[in-house]
Every structure is written in C-alpha cells, then in structure tokens.
Amino acid sequence: MFEPKLKEECGVFGIYGNQEAATMTYLGLYSLQHRGQESCGIISSDGNRFYKSIGMGKVTDFFDGEKLESLKGDMAIGHVRYSTTGGTGIVNAQPLSAVYHRGYMAVAHNGNITNAYKIRKELEKEGAIFQSTTDTEIVIHLLARSKAANFTDALIESVSRLEGAFSLLIMTNKKLIAVRDPWGFRPLSLGFVDKGYVVASETTAFDIIEARYIRDIEPGEILIIENNTIRSEKPFPKKKISQCIFELIYFAKPSSMVFHKSVYEFRKNLGKQLAEEDSIVPDIVIPVPDSGRMAALGYAEAKNIRFDEGLIRSHYIGRTFIEPAQKIRDFGAKIKFSPVESVLKGKKVVVIDDSIVRGTTARKIIKMIRAAGAKEIHFRISSPPTISPCYYGIDFPSKEELIANMMSIEEIERYLEVDSMRYISYEGMMKITGESKDLFCTACFNEKYPIEVERKGKSILEENKEKNKKAE
Amino acid sequence: MFEPKLKEECGVFGIYGNQEAATMTYLGLYSLQHRGQESCGIISSDGNRFYKSIGMGKVTDFFDGEKLESLKGDMAIGHVRYSTTGGTGIVNAQPLSAVYHRGYMAVAHNGNITNAYKIRKELEKEGAIFQSTTDTEIVIHLLARSKAANFTDALIESVSRLEGAFSLLIMTNKKLIAVRDPWGFRPLSLGFVDKGYVVASETTAFDIIEARYIRDIEPGEILIIENNTIRSEKPFPKKKISQCIFELIYFAKPSSMVFHKSVYEFRKNLGKQLAEEDSIVPDIVIPVPDSGRMAALGYAEAKNIRFDEGLIRSHYIGRTFIEPAQKIRDFGAKIKFSPVESVLKGKKVVVIDDSIVRGTTARKIIKMIRAAGAKEIHFRISSPPTISPCYYGIDFPSKEELIANMMSIEEIERYLEVDSMRYISYEGMMKITGESKDLFCTACFNEKYPIEVERKGKSILEENKEKNKKAE
Amino acid sequence: MFEPKLKEECGVFGIYGNQEAATMTYLGLYSLQHRGQESCGIISSDGNRFYKSIGMGKVTDFFDGEKLESLKGDMAIGHVRYSTTGGTGIVNAQPLSAVYHRGYMAVAHNGNITNAYKIRKELEKEGAIFQSTTDTEIVIHLLARSKAANFTDALIESVSRLEGAFSLLIMTNKKLIAVRDPWGFRPLSLGFVDKGYVVASETTAFDIIEARYIRDIEPGEILIIENNTIRSEKPFPKKKISQCIFELIYFAKPSSMVFHKSVYEFRKNLGKQLAEEDSIVPDIVIPVPDSGRMAALGYAEAKNIRFDEGLIRSHYIGRTFIEPAQKIRDFGAKIKFSPVESVLKGKKVVVIDDSIVRGTTARKIIKMIRAAGAKEIHFRISSPPTISPCYYGIDFPSKEELIANMMSIEEIERYLEVDSMRYISYEGMMKITGESKDLFCTACFNEKYPIEVERKGKSILEENKEKNKKAE
Amino acid sequence: MFEPKLKEECGVFGIYGNQEAATMTYLGLYSLQHRGQESCGIISSDGNRFYKSIGMGKVTDFFDGEKLESLKGDMAIGHVRYSTTGGTGIVNAQPLSAVYHRGYMAVAHNGNITNAYKIRKELEKEGAIFQSTTDTEIVIHLLARSKAANFTDALIESVSRLEGAFSLLIMTNKKLIAVRDPWGFRPLSLGFVDKGYVVASETTAFDIIEARYIRDIEPGEILIIENNTIRSEKPFPKKKISQCIFELIYFAKPSSMVFHKSVYEFRKNLGKQLAEEDSIVPDIVIPVPDSGRMAALGYAEAKNIRFDEGLIRSHYIGRTFIEPAQKIRDFGAKIKFSPVESVLKGKKVVVIDDSIVRGTTARKIIKMIRAAGAKEIHFRISSPPTISPCYYGIDFPSKEELIANMMSIEEIERYLEVDSMRYISYEGMMKITGESKDLFCTACFNEKYPIEVERKGKSILEENKEKNKKAE
C-alpha cells in the first residue's frame, strides 16, 4: 500500500512577498527543470486561501498564462519531480496541500524521509487517512496533529521526528518555511528579490528572476519567513554533515553554486585530476555532450591536447519516440547524438563522461564513434565506480544493474568495446573537494550510508549487505 | 492573395523501397528538425494510393505510432518547415498532394521559386484553382497540365519552367523523383539503405537510419527512381553555380557534409581565420552556445588561449513562455542561457557567435556576461556583415532590421555595450571555401543576387536598390 | 474555508461480484446521467487495491475503453454530480477515497449532511486534514478515527453521527455498503444481476444492465454486502419519514419506480388532477418538452382534448453556446425549442410544465408560442408554488429568486404575458400521493423542514425566518 | 480513386449582409444539425478575402468563440454533413474553397451530382487536380475553367452541365449564390433578416435567428445576391419535378415547412391514414420516440385510443459507447431507450415508427417492450416498404440490407417477434401529399428513379436491375 519514495529526484522553489509570486515560481521551476521533468506544480497563497495548479510534464508545457493568472497572491511554492516508479501519476505530484485546524498548509519536498514507513503506520493507527504514497504526506499529518500551543512549536515538534534527506518548503496562509535536514543531504539556498525572499534548490534559479544569493539554508536549520522578516531555528541535534557529492558530479546545473562550490569548476577540476591520473596521449579529447563537457575541457587543458566536439546532441527529443520494427543498431544513442566524421576519422580519441551507470548507452555511443572512423577509443569517467544505490534522493538503478558492481575494468572494456576505460580514483575525487572533504555523503561509491533506511519495516541496508554476501 | 514564399526554411526527406518508409521518413525528418519546427508532414504511397499526415509542431510531437502505422507503403516523402509569415498555418504545410489524370502526385520543396508569381497568374488564367499561397503548388499544376506524352517528358517540361532555389522531392504512385535547381542553391544528397534509396536535405539524416551516403544530387539534375533503378536527366541550361554559403555558416547541422564540405570543420576554420585577423589577447574564449561553439574552438586553438563555457544553454524551452509583468531585464536571453560566474568573473573575454542579425539577443547576452563579472568583453562574429535579405530559402529580416546595414562598427559596439566588436572579413571567409570559392551565393553579404525575384509582378531587387538610394 | 454542499444534485451506483464491475457502473451512471452532468467518477476494487478514474463532464464523454479497462476488480462504486456552486471543479468530484489503518475506503454520496460543519470543526481540532470542501469527506474521517473493534461497529458509530439527507455507498477492499438516512430523503434501490448485487439511486439504472429490482434500501437501513451475502443493520433511532416529493415531480427519470411509485404515472396523475381543478376548455394541450409531457398527457386525457407537440426540442446542445452580439430575443429558449407553427397558429393553447422556478425560461417559451400565432395561452404547472429552497439535495435558487415567492398569480401572468396561469393545488398534489401522503418532505412548498441545517455554525432555517419577517 | 458521394446527408446555410455572419451561420447550422453530425464548416468573406473553419463533430462541439471571431465579414456559407462511407474525414468536409483567376470561391452542397464521374474524368484530362473525392469539387473547377466573359455567364454555363440533386450555395468575394437543381430534389428556402438575406436547407433555421421566410428557391432557379439585391436566373431546361418524399416522412425537422408543407402535419396525417387502413383496436398507442411520435399522435387521434409514452429516450449518448464483454441483450436499444413498465404491463400495444430500414433496432425495441410486460405488440410503419436505395442525398443501406426487400410481411413479423406488423400503403401515403402528388420522387418505394446515376462510368440503375433479375 505504501512504498517509500526511493526513486525520486526533485527541485523546489519558494517565494515570499512578490506580487507575481506564481510567475516567478514558474520561472524558478523552469531553471530547475533538470531536477525533474515528469510533473510540476505550484501552490500560491493570498493570505486567506490557496490556489493550486499541478500536472504532468514540463513547466513550460503544463503552465500557461491562464493557469498562472489563476494562482493569486504574493507567496508561492513549487515543485518539479522525476520518478522511475511506474505509474506514479498525478496523485503523488507535489506540492501537497490540505486544510487543517489552523488553516491551509502546503509542502514541497526534495529528498527522502527514511523513517517515513514507521511514522505513517503510527499515524494510520491514530485515524489518519492518506491520499498519496509519498513520504511527504506524513509532514502534513504531523503538523495537523501536533498539540503544541503555536505553529512554530508544532513545526519544530513535527520536523524533529523526521530522519533522512529533506529540503522542505512549507507554506501556510501567511508564512513561508524552509527546512534542511541536519545531515544537509540536498542543497537549499536563500535569495533576495525586490523586497521579498526566495528559496530554491539551486542558485541558478535566482539568475532568471534577478534575485541575489544571500546564503545557503544550513543543515539542520528551520527558516521562518513571516511579516516580511526572517527567523531561524536550529532545534535538531547535530548530525554528521553528509552533502550529496553526486549533486556536484552530475545532478546540479553547471551554472549553480552548490555547497559553496562552483559546479562548473568542480567538474572541470575532476577532468584535470582524471588527466593527472592517466598516462595516455590521445589525438583529441571529446565529451559525451552535454554531461561530460566540463570534465573533458579540464582533461584537455591539463594535458594540453586538442578538445573537439565529436558528437552533436539533438535537442528536439519529444516525449515518445517511435522505433522502426527493422532494428536500427544503437537506436537510443542515434536519436540523441550525430557523429562528426571529420573530427573522429583516423583519430586516437579520449571520450569523457561524468558517470557510467548501466553502461548500455555508453556502449552505443562508443559504437557510433567507432563507426565514424575513430582509430582508438579511450573512455574516461570523471567519477569513481558507482557501486551502490542512493536512498536520499538520487535515482540510481539497483545494485544488480550497476555495471561497476557487476564487472571488472577489463570486463567493462570488453563490453564497451573500447581500447581502454578508466575511472577517476576515489581519492582523486576527494582531493577536489578540498577542505570540505569530510562533509560529503559518498555512499554510492563506498557504501558508507549515513542513515539507516527502512522499507515496509525492514532495513534496506541490511538487505544490501545480505545481497553483497551472496554475491561473494 | 498570393505572396511568394520569401520567409521560409525547410528540410526534405524521401525514401524508396523500404517496408517501413513512413517511420524512416519520420526519423529522417527528426534529424532535419533544425531546418524547421513549425510544421511537418509525411505522404506515403503503396503503389496504388497515398496516405497523408501533416500537422503543426515538431516531428516527435506531431507524429505518434498510430499516425505512422496509417502511412502505408514502401515509399514516402516528408517535409519540415519554419516560416515567420504569421498565421501561415496548416494550409501551406507540405508535402502538397493532388489527384490528376495520371494518378496521385505529392511534392516537398526546399527553396523559393522566384518566378512563381508569373506562372501562377498564367495558370489561374487557364482555369487552375489554388488551395495554398505557397509557390510549391504551381509545380503540381504544371505537371497536371502538361500535354507531354509521358510522365518524364511532362516532368522535364514542368520543372524547366521554374527559376530560383528548388530542391524538390516529387512522388507519384510508383516513382520518387529528386530535382535540384541548376544554380544548386540548396543541398540535396542521395543515400542507400538496405535495397532502397533515400534523398535528404543533409547527410546527417542518413546517420540515424544507417543509410550510406552515395553522392549529392547535382545542380540541374533530375533523378528518377522507379522499378528500383535510378535514372538521371539534366535538361536544364547551365547556370552559374550558387550554393548558399549560409548553409555552411549557420543553417546546416555540424555533423553534415554539405556541398562536399564538413560543416563542423568549415565553422572551426572560420574561427581560426577570425583569430588570425584579430590582434586581441583575451583571458578566455567562450561561445554563444551552441551556435558559436565550433568557431570559438577554432579561434581558441589558433591563438592557443583557454576555451571555456561561460553560458549554459537551457534545452527545456517550450512553445510559449510566460513573462512576468514586472519587467525582467534581458528576459529573452535569461530563459535561454545561465551565466557561469566562476568562469567569467574578472576576465577579459572573447565571445564568439556565428552571425549577428538584429543584434537584440546579442545585446542581452552581453549584459548577462557583464553582470556575471566579466572585466572586458570582445564580441566576434564568424561571418561578414549581413547586409541584405536572402530570397532563396533562408529567413532573414528586411534590410531595415539588419544591424550591419544600419550601424557602423563603432555604433554596434556602443549599442551592444562591448569593449570591441569585429566580423570576419569577406575575403577571410572566402579563403576558407578554398578552391570552390566561385561556386557560392553570398548575396546576403554583397548583394550580388544570382537571380531576379518578383513579388506581385515587381522586381524585389529593383525595390531594394531604390531603398539603398534613399538610405544614402 | 468550508461551505456546506447546499447546491448539489447527485446520483450513485454500486455493484458487487461482477467481473466487469467498472463497465457496469459506467452503464449504470449513464442511465442516472439526468441526476448530474458536471462530473463523474468510478472507483473499483480487486480486493487488494483500488483503481480510480474521476473527471469533469458526462459519463460517455469522460470515460473511454482505456479508462474502463484500467478499473480492475469485481466491485465498484460510481457517482454523477451537478453543482451550481461555481468552480467546484475536480477537487470535490466523487467518489472520494483514502487509505487508512484498515486499508482502502471510498465513498459516494447523494444528499446533504446537515450537521457537517460541526463535525468537521471537531475533526479538524483533533488533527484531521481535509482535501475537499464537501460534506462527504467527514464520513471517511469518522470511519478512520473510530476506535471500534471491528469495521461494522466503526461504520455504525460513524454514520450514527450524521444528520440530514444521505444515500451513501461505501466501499472497502472487500465490502460494499449502502446506507440510507433514517428520514429517507433520497431514493436508493437494491437489485440483482448474475450472481452479484447492484445498488442505485433509481431503478431505471437496473434496466440497462439487465438487473432485477429486489427492494428499496429502507430509511435508516445499513446494508453490508460481503462474502457474497447481504446483512442488514438498523441502528438509527426512528425519524419521521420525509421522502423528497420533488424526485417524483421533476428529478427522477419517468421510467423509474421511486418510493414504490411509477414516476411516469405520478406525473400523469398530477396532470389529471390539474385538469380537474381547471375549468378552461382549450383547442389543444401542449407540453414543454420533455419535462411537461406526462402531465400534459394526463391533462388532455382527463379533459378529452387534443394533445399535440407545439415545440420541438433540440438535443444537440453542447457545453457552450455562442450568442451573437446583436441580441436575439429569447435566445435561451430558441436554442432549445423550435415552434411548430401549423400546430399553434390561431389556437387557444394550454401549455403544461412540471414546475416554474425563476420564470425566465417560461417567459421566453411563451413569447415563442405567441410569435408562432397562438391566439390564447394558458400556462399550467403540475406542482404547487415553490416558495423555499431545498437543503437536502435538490438545487433550487434562493428564496429571492423563486418567482412564486416574489409574485402573486396575477403578477406572474403579467410577467409571463399569458392569458392565465395556474398551479396544481397543494392538496391536489397530496391526493395523488395516496396512502403514503405523510411520508413526504414538501418543505419547498410549505417550509416545513424536517431537520435543521447549519451553515458556518448558524441555523439556515432561522436565517430564512428572519428574511420572511423582513419581507413582510 | 474517385467514388461518387452516394451515402451522404447534408444541410446548408448561407447569409448575406449581416455583421455577425459567422455566428448567424453557426446558429443556422445548429438548427440543421439533424441533417448531419459528422463534420461542419463555415467560410466567411469580408469582400476581400475568405476566412475558414472546418472540422469534425457537431456544430456546438467544434465551434467556439475564438473560431467564430476569426471568421470575419458580413457574408458566410456553412455546411453540416453525415456520411457512412468510412474514414471520409476532413478532406471531404465542406464548404470547399479555392482561389482562381476571378478571386475566391466557396461551395456548400446538399445532394448528389449524378454525372460527376464523367465530368471529373474530362476535367482531369484537361489538367485539373483534385483534393477531395467529393462530387462537389467539380463545381469549382467548372467555374474556374469557364471562358465566359463574366461571372454570371460562367456560373450558368457551369451549373448547366450538372445532373442530379443539388441544392448549392456558392460564395465569391462579394456574391452569394443559391442554386436548386431543375428536379428540385432537396429543399432550399430564402429568408430575410435585418437588411440581409439568408438561405437554408430548411425553414426551421430561420426561427433561431429571427429571420422571416420569403419563399423557396424554385427547382431550376439560380439566385444571385449582390449589392444587396437579388436576381433570379432560370437557365435550365424544364425537368419533371421530383421532390424527395423522404424529407417529409423522416429527414426534415418537424418544425420546418418543406416543399410548402408542414412536416409535422404531414407526419401526423400519415398516422391518421395508417389508422384508417388498420382494423386493430389496441389498449394504447405508443411511438418509438422521437421519430414515430407525430404519426402515433395522428393514429391515436384517428382511432380515439389512448396515446402514451412507453419508452423514455436518453439524450446523453456520446460519441462512443463502451459495451461490456458479457453480452447485454439488445444493448443498442437499451442505451437509447428505457421502458416504462407501468405503461406497458399487460397491454395490447400499437407501436409506431416512421420507417423500418434494416429492422435490427426495431427488433431490439420490440423485445424491450415485451420484457416490460406488453401482452400484444402490433408494429406499424408510417411509410410504405423501402425497397431500393436513394442516389440523390439520403443515406440508405444497399438493396440487400433493406428488410422490405428481403422479407415478406409474415417473415418480418416472425423476425421482429411481433403479433402483427403493417406498413402504410403507397396509395395511402400519396393521398396525403394531396394536389402535389406528381411532384415527388418516390424511387425508394417504387424504383422509379428520375435520373440515371453512374459509378465509375457504369450505370448504377442498370446494376440494380441485374441484381433484381438475379434475385428473382
């Protein structure tokens, strides 16, 4: 009946004190679209009541002028979501909202509450009814049920019960609240625009609406915006800071500052480090566009080798793609990329991407490069081997599907049909993080999970260990 | 009532002898999508009758499995189109088709027939009725009215009457015909797949369906594919070859070979030439993505200066974009690009794009780069000043809107608020074309139009000259 | 925030033990479509989980093969709804559903729970959160919160708290429950099909699926269908039976048996009674089609005068109707009816309808009949003057809009521009009900409301009395 | 390639000199909706250019405020169409339009041009191209090709070539023309509204827009409205007047005057005549609603027997209807009709309909009446046996599907499971037509076709005779 939200990526955006709150939120969500393209939603408040518009698809496809106009008021929160759990549909789309004894309440959530199952079972026992299967809905129930004398106390009481990754935006009739879990898994930043405030998953969302970045919401901080002033609460016990390194490697937009770092520079530095660890001397370095471009630029720069674009990426891909019955080899790669023969023909090529998960797309890309005439192909990945899923808000396949978990380097080289394949080293990657190197969660690379995760009352981490043993 | 098609860009694709002709055409059109996103259409033939599906929007948005399945037969032609003439709608979308005394006929056209007005008036006088305002419709009428004894003679008689730019695909119940005008304005290439043939505006369309490039349709050539064999006719009088240089500079996909040249290398070489003509020594070179990337790579390489990406391009732009009432400065640029502050801050930057038309977007981009902290901005264009519209199938604004026509270099620098602005020289550009330098139409740069164009019976080139005089 | 559902008409349908439960429900709802065309919905159960499809519009417009196929399981409940409360939208559409500690639960409701406001406030105080503004949602909360040991006890405890009009269908994973309030305001009938059971607002819903009528759910009865057997509970204290006489006069379908009476014969008998009370001798009797037809037939039969159709009703009316700017007189009537001049010209006509509410449409119809040449027009209504709204599930305008409340007979005659206008007498109408005459609610005719109604904590009936005083 | 339009029913409407021409046409088409619900279209003219909106579905479903506003100008023609020829789609939807040497031209057609095949072949030989498969398109070509000196001469020359049934509306930039074939098969009436003119298939279309009926367009008349004046031409040779009697029996709306007769009274008189020819004495007379109601009223009146409604017709039927897999007996009738048991139980019933074509629906209706308890059922048809298709604009099944052609009265009685079944006599029907009895086409009843019909160059009437012979 209830399954924890393990396979979901999201972006959140909130704005306070802006007369076009909904349109601003729409623009903010648009610039966070890379964090989820499956559903999107905005709820606004005019102080007395809420206005709501939530649907499937991308922000600019779903919203139109009429919908935005109907979202009245000078305060709003929004959400974009991606989920691989089939048929999740509109029921789980966010923000969630409800009416309770204090008035209206809405919640937008990025992350994964790891003790949601237990709390939900408790709430159901007490008579709570649920509309969705998302872990986010428990936040609303906890707040509605709190016997605390005022809203702030109820809020602190409620979010204190949560464990896991949660960058939350909560809106009531007149308040906007931002909450970041004490581990700090997911980013959340505060900005300033006109005379009001904005909160967003990434700083790049500030650029489009001309907001200025103020600071990050700190791990374990609750920020309450009300009567045009900001108040900060830090009621959580201290936890080991565990910022998601995959945000920097892959998930966030290169134009963002995340965890006080330039995503662009971080990726370029990974490329430089990769070059340093690598003795090969190619004719050219090419990226898998657009994901591998920054690392490829760093790699080429470090080795002083020619950087070129050997693949042209198409940006016209629609929702569905009809494949002919007569099989076209590497169809999935061909609809995304066109090879540039004049660049590749006769060359010894280093191809760079930011990560390799299942390896199926990589294999098709390599074949396409080979077919275009490349003489030698050396595949380089600017992250270490991904060996275990994330339970805190990044959508990975299961252990059995992760190529790094199932094959040795030599096996991968044979599978991909490359002349060589290398990852950046774990230590190399950590070097790039600099002084903040203890502040990251790298569980996908080393299985050191900062918090336990339960599914239907059982520990997922225990399950994983058993799988590991069997595999041995 | 009738206006010649002066503002239209198109791509065409045809296939013969393939059991999934429609799906292959759909894939071919998808890879030609950059040539037009406004409408798309496919007509197929099973030898006895035609099947037709034409609509507004992109290929992957309009077509679905059901539509493709309804397009039966082993032969098909398709068309993608872009038009700035408002409200052209579905009536002018192609391929056009009709039934006439020999059976079915369909036509897909890239280019602009410059004597269409005169021919249409003649046809109307003879009792012809018209459904659209496109110049393409006259091709059908000429073929239907020919008194020639057989189809081939009728075809030759008909297309011989046409002047201007026309890369045409014509389909009858059992034949596929490709025609390229004797000036060779627009590209058209022949390929081979399985046991059948394909014809496409650009070679990149062959990659996705695993077709092999055979050769270009030559200027003035008529290719008739029938009974699984190819026959070539060259009935046209010789004309001065006038290949569109803008296809290489801007319009074609970098992964294509156009006019026997790699588009990618051509653009990169323009960047190198630009560097050679330019004495400035910047800290970094950045492209306006994705259009300026190849030239920027060439420029950086030639000068051995760091190439970086200072702007991240969004690829989620939908059909409509809601702008807030409270003006956001440079909104049009902000929804397309996000600046990377860590790259730009404090730098002396060379920014490269492939062309500058009105200058309005460039101005916004420059402001965005400046706001991100660039110290100096030097804007470079890898084509010469565009001073006059194209009447042969590229959509330019009118003379009065072309910035190069209205402002001096200094005025443009002031308007764009850049530290300096330079174009590549006309001679520099022509050097890059190498041995084939006499084979190009460069009228948009030097007003040397290879053919007269009439609008409502008047000469457009005469009109332009008068405008030039007045402007003096 | 919460407004009681005073302006809503509904129909409900449920089926148990049928392998095509959803399609059967769709057919049942289709035949109840006259009870509400604004929204419709079906929820089915396969014993383990629920499947849900709810949307705006008519049953045959909203549902399609795909939607019905997705509604798996051998049990389902459905709902059709009409509401004049603007913009109620999909949020209030039924059936409502939720997950709670015992599993899934869904509710479809016809009627109006008069003490909903009080219960909702209590529930909110205890921490309940609400998704809709309908009174129906409290049923779910009461059931989820009950501490009773088993479901049946929880059900009895919950519905015992409700006051007002409620013909309810409740579905859990494996049970179908039908509840009818102890006053018996709205109809609810039980049928048998194949080896399973059906429950519907009206018996006509049984015809289309070839179910046989068994009996009515009695006022105050709870029927629990489980393990293919039926169990009946009657836990409510006895109340004065108050069946809605307007179901017989106007709302139900003529082909139904409602409250053990043939709706068709009831209406025809009203016409006969009306004739008996009326001394006029017209040339012809015509109905306002289709609503007045039965009474007109009865009237004509009783007086042995010619019955004819003087107005032809159009059945092509779509959702919206564009009216020209240049005013067309009586437009609203003209799009519904076309006059038959040959019937009306030069005649003394009695026109019969089942009720008159605001009088605006009647006025237009009369004008149309006059324009077609009628010599005299005598308007007859087969129900007594409607002087007060219904708070138990029929949508009436407010007291101030009811013509019978604002004008004397003479004033109405002048307003409608008829030669005479008469209602059936209250006593005449009650005579037709026969032996069961004490079992009806006739509050809309005599303001004798069987139960108090509260709105935002205030008594509506008190408000009305005050209005009456002021009006005096 | 080309098939004559044998299976199409249509309605046409045109208006001249009205500032809301499009909206008026929309209302006119709405009131002609019974003549065709498959597609609809309007073309308007502002004197300089045409505006066009044509689509699938009903008038009020397809048109909206935006579409109507886009149809500028004070002149318009419109068309509604029904066709049983599968997949005819939008290509054949009307009005048709084109640009030719004199300007714009549009045509809306009700009827069937019987020599269309021959003319089309000739036109194709001369180089004409065709967009549709309808016979209407030849009208445009004939007009465009005429060498006549002025438009009127060209018009007369063109329509003089046509044979068959054609009530045509033709619109040019500034003229509205109405043409009725010299046989007068289909109706066409002229009206007056404000200072302008309207032309419509039936007079009922005048009621909704408050136009006054002036007169019918006469058989063989061409009416040219221009410069706000009307001119009449009668260039055709005289033909035997052959008005379609089925318009009066079945097709036209009862509120119309068609061929100078009240459709309502005609049908009622058929019922009276039927009663006169019938000796049975039933308990009640009921119609198949709504088609049989007028005849049933006449029958009951003539015999002085009780008229009642034993079937309630549903008007909520949508485009598609999902049928359960578990067969429901007589499903097609059940979704249309609900039986009124209290009317039918134990009765000797006469059931009346206006025609019987295949007999499949009638059979289901009879079963439903029987299941509701009728003791005896006597089925009466107010038209004679339909033994042959119509080739002039009414959609009948082929000879082999017409029940009257395949079964004797006794066989039909057995098939329908009725106690008796009777048609009105041919002579009886003709008596009702009164003085105008020689002015009708009754070919569907007696195979006396007024004009030859060709299909692919062969005579259809010859084919039929051969079939008749074989059948003997």
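A, B, C and D label the chains in the order they appear, each numbered from 1.
Note that a residue touches a chain if its C-beta (ideal position, glycine included) is under 8 Å from a C-beta of that chain, and two chains touch if they have at least 3 such contacts.
Everything quoted here is computed from the prediction, not taken from an experiment.
Colleague: Listed by label, which chains are in contact with subunit C and with subunit D?
Modeller: Joint contacts: the list comes back empty.
Colleague: Report the inter-chain centroid distance for subunit A and subunit C in whole angstrom, where each centroid is the mean of the CA atoms.
Modeller: Their C-alpha centroids are separated by 51 Å.
Colleague: From the C-alpha centre of subunit A to that of subunit D, how far is it in Å?
Modeller: Roughly 63 Å, centre to centre.
Colleague: From the mean C-alpha coordinate of subunit A to that of subunit B, what's the distance rounded to whole Å?
Modeller: 38
Colleague: Would you give the residues of subunit D that are in contact with at least 2 other chains, written as numbers and ranges?
Modeller: As it turns out, subunit D has no residue touching two or more other chains.
Colleague: Examine which chains touch each other and state the graph shape they make (line, ring, star, complete, other).
Modeller: ring
Colleague: Show me, using the given definition of touch, all chain pairs that touch one another.
Modeller: A-B, A-C, B-D, C-D
Colleague: Which residues of subunit A touch subunit C in their complex?
Modeller: Residues 1-2, 49, 98-101, 103-105, 124-131, 140-141, 144-146.
Colleague: In their shared complex, at which residues does subunit C touch subunit D?
Modeller: Contact set of subunit C toward subunit D: 19-20, 23-24, 26-27, 30-31, 33-34, 37, 58-61, 63-65, 68, 194, 204, 207-210, 253-255, 257, 262, 264-265, 293-294, 297, 301, 306-309, 312, 314-326, 328-329, 334-335, 338-343.
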